[in-house]
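Supplied in structure tokens, the structure appears directly below.
Think of it as A, B and C in the order they're written, each chain with its own count starting at 1.
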Amino acid sequence: MQTTFPRLMLTHAAERPTAPALREKEYGIWQTTTWSDLARLVQSVACGLHQAGLQRGEHLIVVGSNRPRLYATMLAAQSLGAIPVPLYQDAAAAECVFPITNAEVRFAVVEDQEQVDKMLEVREQCPQLTHIFYDDPRGLRKYIEDGLGSLEELIAAGGVFAQQHPQFFSEEVAKAQYTDVAAMFFTSGTTGNPKGVVHTHSSLIDRADAGAEFDKLTSAEDVLAYMPPAWIGQNIFSYAQWLVCGYVVNCPESAATVTIDLKEIGPTYYFAPPRVFEGMLTSVMIRMEDAGSFKRKLFHYFMGVAKKVGPALMDGQSVGLKDRLSYALGNLMVYGPLRNNMGFSRVRVAYTAGEAIGPDLFTFFRSIGVNIKQLYGSTETAVFVCLQPDNEARADTVGVPCKGVEIKVADNGEIMVKSPGLLKGYYKNQKATDEVLTADGWYHTSDAGFIDSHGHLKIIDRVKDVGRIQGGANDGAMFAPKYVENKLKFFPHIKEVVAYGDQREKVCVMINIDFDAVGNWAERRNLPYAGYTDLAQKPEVYQLVKECVEKVNADLAEDSMLAGSQVSRFLILHKELDADDGELTRTNKVRRGFIADKYKPLVDGLYEGRTEQFIETVVKFEDGRTGSVSATLKISDAKTFTPVKAAA
Amino acid sequence: MAFFLEALLGGLMAGMLYALVALGFVLIYKASGVFNFAQGAMVLFAALAMARFSEWIPGWLGLEDKFLGNLLAFALSASVMFVLAWLIERLVLRHLVNQEGVTLLMATLGITYFLDGLGQTIFGSDIYKIDVGMPKDPVFLLDSIFPGGVLVNLEDVYAACIAALLVVVLSLFFQKTSTGRALRAVADDHQAAQSIGIPLNRIWVIVWFVAGITALVAGIIWGSKMGVQFSLTTVALRALPVIILGGLTSVPGAIIGGLIIGVGEKLSEVYLGPYVGGGIEIWFAYVLALVFLLFRPQGLFGEKIIDRV
Amino acid sequence: MTKKIGDVILDVSNISLRFGGVKALTDISFNVREHEVRAIIGPNGAGKSSMLNCINGVYQPQEGSITFRGQKFDHMNSRQVAEMGIARTFQNLALFKGMSVIDNIMTGRNLRIKSNLFMQALRLGPAQREEEEHREFVEHIIDFLEIQAFRKTPVGQLPYGLQKRVDLGRALAMEPQVLLLDEPMAGMNMEEKQDMCRFILDVNDEFGSTIVLIEHDMGVVMDISDRVVVLDYGKKIGDGTPEEVRNNEEVISAYLGTSH
């Protein structure tokens, strides 16, 4: 498709002017913006931004959650040939400084007072940030800072301008080429400064189209947009594909109402990282534990049926009449209400990506009739590289290459991708660009993996993270930290794991328990606890976690490649790893190196065979103040198993 | 099977009427914390008013149309119940705000005697008829499915429907209107309600009026079945086990409690009666209530009473 | 950031309140100007709550007078005070625990409902329209207080901090000219306190309400108040801007003297 986003929007407005484009729940009612409303809104915002001095090719940051007027702002910027750069709304002010400086940003369009305060703070270091517009005026009436204005006024002024210059907007839209840069996404990266990934209209639209074709998406889809718009996943699903397909994007009322809104909307197309699905499963399980015994028995009985029959039905295999009947009964009494409760009663395709998903979690959703599938991609590939076809969804692979994609595996095991959706480059960072893009157009994913016998891609770990055990019983064995971490994280009681083992003689891990799940578990056993730290250090909790670790070890022992990655020792951390403390990336991935430095005494304690270790750490509160937390943590051994040698 | 259904239907219909009377108790208890001993007297009083007005009005106005006469009589009786509610608030409740529960109970006992006397003074003490045109004929239902069909008294069907309708209307009124919301607010915490400007006095009048209307409807139904006479006050006694079962503070409890008692009575009479010599209908409800008092004193839906130290 | 502070709206002069022989308040005078945030602080037992209850009409002071917009109020009960446009929140939450958040806040509109019982019962057009208008107003409050996720939740099931917000919401629903907040931050953690401060300032901004709040925690109050009255043992020992009060010898000694 040789077109641009603003042109796609105008096409929808011309062909289906009264069809809904966006819905936003406000004051308890879903308010609809039609495509023609949207076109008018975008025109006004574009004219307003033009009057304010936004230039072609200039970058503009958009900071906030999924709000119709922020979406309109991105379209407006693209209409003028400017480049919208969505930033994570929960990023601290300091984290915004680099992108703003890097892209010489003068314009910011933000959601509310919280973001305005952040921008004003940033402005002390980035004086070029002269124009700040906000969507929600709440609490901002008395701000008199220079260059601060409401989007409302900008739209009003733009509307007047548009009337005086009726041709201006369409002329500007016509100037843009599909090869022009459409947007830039900053990837958080585990080390160093973030990098701006530059995408053209063509790369984003091509991938959005390939994904839409793969799943036969139409303009009748309903999507709920609730992940940060700065994440390429959300951007592709609720922006690029929205404009390509012309479906409806629904914006939740607030972050807290997402589960309620999800139920009300009942999306047909859904995308979320595994942790969201996990949260849903956890809340279902907790509710079931609290339910009456009849209800609980009914649930467990039919979940048994679902586990046996559901996945086969999903994969289109034939199932015996008796099983089919009991599944139908279960559907009536359990699965249907459950799907409805989670907002999945209408869902046709649900994707999970970003991280590996636990097999139990994956099977749970498929067995109750939710067509959950995996895909593989990244910011640099505009998401769609591999997708799982409807009948071939597996928990341990990520699907087959989709339209236009070529894949090869390099000698070091790295996956290489060639696709029309590849990034144009990293912004002002030729060195980094050259590192990932070869001269003949291959992109280094930095993921290690292989194509299995069914043609599906399987990912093991990051190439650079795959290490070797050195010394000890498993000398030279392969160590895949993320693989181990994920296997542990698949247990509902474990929230986060950091594994160490490269260049060491054994594998040790630090674990974060899931406060809700373990708290609940403890309450059920009448185990009193005073808070997170106290709960984490309970001997009973250590025993619980130890069982998980040993199950993983038993599992790993059967894998000929990764048997050496079994966990010998572990400890449970006294605080939750947090992005605000730099321990996680903004997308909630653990920063292994950073954590190893920060908790060096703990890592040493693990390897030096101590049974407990004192640690003191600095924490940052949400308001920016800092404090310190200290505790003495227990360290526990775990049983390992002799590798099962593959007989064949 | 047909026999069982007959008993079941009969029980459900009787239960609906118990529920209606129980509702009167629950409404007043929730809104003003008063256990209204006078509910039975209100039923009799309302029924007497209805019986006599429907007799007198056609005479006063020279009306021929019986329906219109009944309608006017109903309106007038309702107004009387309103005046009664207003008087009770003015003369009794207002002066007893924040008194002990026992004091209030005693006050309602006084109201009971007062109403009994007043009703008979104004309206006379004979047995009167209420004829609101309820059909008296029995019908057979479902005779295509069961041989002989299910024998149902059409009057009972009408009565149960009217009672059910009133319950639905009342719950809509409570859930969907602002006055209903204010009533619930007062029921929840009357001091807080007052501080945000909800007038307690007005709410009490409304609650007593609504309870009066339920008494009126119950009185009409029972009165048309068995004549308006002093024994109507005992209908209220039948509702006591219902509220013990359903919980004194729960509207759905009153309804479900009523149905359980109605059905339980009929079924036990039919199936256990022959073994114990009959008459179960008379004491069944009280025994059930006793069992509940022993094992679940707050009733099925009532608020759990927890003593905090 | 500037703020328009208007004329005196509430004037308290020479109030004395006794319970039997115990003097709760002695000769207290201060005033509240329109659109300001006025704090009454003091150690526990200083008479703050008594003062608030006098303004609210719960207590009738034996001496002195309270004038609201030039109108003196004598022997008014709390409902009449509410009708005049003075709303309050409660230190020990007095919400309707069994009712939903929406219903709780809607009860705050009760004074403004004009349709009568029969119009409502019959669901006549004007009554329905009125109900919708009130609902819309309440939805704005819900949005403002960021409690959209709990509209239908019975208030008794909400955590304490959120209940406090519902309490504030119900008071706001009365569209009061003066809002009395009784220890709005009591029992909250630091983060909840900061949220509450933000809400109070925003209420003052967005709704233009005049706010009188009492609090024993001096720190939080100083940041958000325009003027502060300090009470100790039922007597006024300081009155002025936070800065003035902070430097007042008597205030310092009262606070130091009582913080064991």
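Please note the rule applied: a residue touches a chain if its C-beta (ideal position, glycine included) is under 8 Å from a C-beta of that chain, and two chains touch if they have at least 3 such contacts.
The structure displayed is predicted, hence computed values, not measured ones.
*Asks:* Hey, which chain is the most central one here, using CA centres?
*Replies:* If one averages C-alpha positions chain by chain, the most central is A.
*Asks:* What pair of chains is linked by the most C-beta contacts?
*Replies:* Chain pair with the maximum contact count: B-C.
*Asks:* What is the distance in Å between the mean C-alpha positions of chain B and chain C?
*Replies:* That pair's centroid distance is 43 Å.
*Asks:* If you average the CA atoms of chain A and of chain B, how far apart do the two points sit, in angstrom?
*Replies:* Chain centres of chain A and chain B, defined by C-alpha means, are spaced 59 Å apart.
*Asks:* Quick check on chain B: which residues sit in contact with 2+ other chains?
*Replies:* If we look for residues of chain B contacting two or more partner chains, we find none.
*Asks:* Quick one: in the complex, what on chain A touches chain C?
*Replies:* 25-29, 138-139, 141-144, 253-254, 256-257, 260, 621-623
*Asks:* In the complex of these two chains, what residues of chain B are touching chain C?
*Replies:* 173, 176-182, 184-185, 188-189, 191-199, 206
*Asks:* If you look only at chain C, which of its residues touch chain A in the complex?
*Replies:* Contacts found on chain C: 1-3, 135-136, 139-140, 142-144, 146, 148-149, 151, 191, 194, 198, 201-202, 205-206.
*Asks:* Which stretch or stretches of chain C touch chain B in the complex?
*Replies:* Its residues touching chain B are 56, 58, 78-79, 82-83, 87-88, 90, 94-99, 103-104, 106-111, 113, 115, 117, 120-121, 123, 127, 131, 134, 170-171, 174.
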